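Per-chain residue numbering starts at 1, and chain names A, B, C and D are given in the order in which the chains are listed.
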Amino acid sequence: MKLVYFAWIKDRIGLAEEEVELPAGIITVKDLLRWLRGRGAHYEAALQAPEVIRVAIDQEHADHSDPISGAREIALFPPMTGG
Amino acid sequence: MKLVYFAWIKDRIGLAEEEVELPAGIITVKDLLRWLRGRGAHYEAALQAPEVIRVAIDQEHADHSDPISGAREIALFPPMTGG
Amino acid sequence: MSIEPSVSVQSGRIDIAAVTAELALSGDVGGVVTFAGYCRSEDGKLAALELEHYPGMAEKEIGRIAKQAAERWPLLAAKVIHRYGKIAPGEEIVLVACASAHRAAAFEAAEFLMDFLKSRAPFWKREHLIDGTVGGWVEAKHEDDTALERWR
Amino acid sequence: MSIEPSVSVQSGRIDIAAVTAELALSGDVGGVVTFAGYCRSEDGKLAALELEHYPGMAEKEIGRIAKQAAERWPLLAAKVIHRYGKIAPGEEIVLVACASAHRAAAFEAAEFLMDFLKSRAPFWKREHLIDGTVGGWVEAKHEDDTALERWR
């Protein structure tokens, strides 16, 4: 599965995107965020306040409770500031 | 006193403007409209529904109950349709 | 201190691009809202709209309305241009442009200006039809009067 | 049937005049409302705004928002252009333009589009300062979220 990061989440993780193999038991966005935080200090710094993290599954906004099964691309980003 | 007319009021009266000498007792806009209606069939046709006539005194919107004393220019026109 | 709005009553075409660019010049401007009103073709029946106006009062009344908008919202610039004379289908009749630091003020002020122009600015429209006849004077719409109520 | 809005996500400047003129082309258009958002100078401290975006999703999400607007209001045309990359103070960031037969629909649709773009379109701003430092990412404003509530 492809993960893509934007803005300060990208800065803190130090990557714009990566391919990951998810372990069994990762069902929802929330599970994914918890698993990512355990991958090291950079991830912990980026995701320490998961409630502010916005998520898109295959380029559509998603909730933290949404299942991620079948997703090709999941994006994590802070609240948007365009317009 | 100068009277100026616009749109269908001008068309019906057949004049764009005129100078008038008001008789005594013409205090308000309402008095003026009543006096004008008595000046002939053209005026009667233009002013037969006085409630729709809008009025400006010296180029500011005015009510039918406003006094006209001291006015230099009084304009009569239908509801506006600009914009 | 509120800004001094710019008002023009003219027969010539309106350069919408120039106005928008001019309003955006200040470094504090975050948003510019413009409304341009156009002459509709009325399904091809209309040759032109004729706009009669009250010279002198038209400028003054639009100026009064624009000044009210500038006092009510924190505008950085405001411009109103209204045409008179013969206007062909597809041509612009009126332009309202408001600039502010944040978008809500510019949106509200532009709507306020249009609502008041419609029922307070001394202009009257008459239709000239394709078949050569001159149609009647356009009747004022009741909804244009009720549009004012929300600004009280 | 609602119209198909036009969406562009681009790094280059926006030709506001061309867009406005294009939207007014149909003979049925009575009004065009445009909102242009600009990069403020922040009292001369700002060298540029950098806009990061999510390529692919940016176009799709703006398209979804614009389609909602076209279904909700009787628009005759709608166009949204959003820039990304480095944007200098005074330059435009975003343009929303809506055309309709009567003005209320165009005003409401343009405000709706801006409210949703602000909090749903995947763009993030970062400040580059005159002194050469790169400022932090701009924080989202709470009022931009609450702005959505009036459209429910």
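Criterion: contacts are C-beta pairs under 8 Å (C-beta built on N, C-alpha and C of every residue); 3 or more make two chains touch, one makes a residue touch a chain.
As the structure is a prediction and not an experimental result, all values here were calculated from the model.
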Label-sorted list of chains bordering both subunit A and subunit C is D
Of all chains present, which has the mean Cα position farthest from that of subunit D?
-> B
In whole angstrom, the CA-centroid distance of subunit C from subunit D equals 23
Subunit B-subunit C separation of Cα centroids, rounded to whole Å | 26
Geometric centre distance via CA averages, subunit D-subunit B, whole Å | 48
Using the touch rule from the top of the page, what residues of subunit D touch 2 or more other chains?
-> 37, 114
Write out all the pairs of touching chains, ordered by chain label.
-> A-D, B-C, C-D
Complex contact set, residues of subunit D against subunit A = 37, 51-54, 56-57, 60-61, 82, 93-94, 114, 117-126, 136-140
In their shared complex, subunit C is touched by residues of subunit D numbered 16-17, 20-21, 24-25, 27-38, 40-41, 44, 89-90, 92, 101, 103, 106-107, 110-111, 114
Complex contact set, residues of subunit A against subunit D = 4, 6-8, 56, 59-61, 75, 77-83
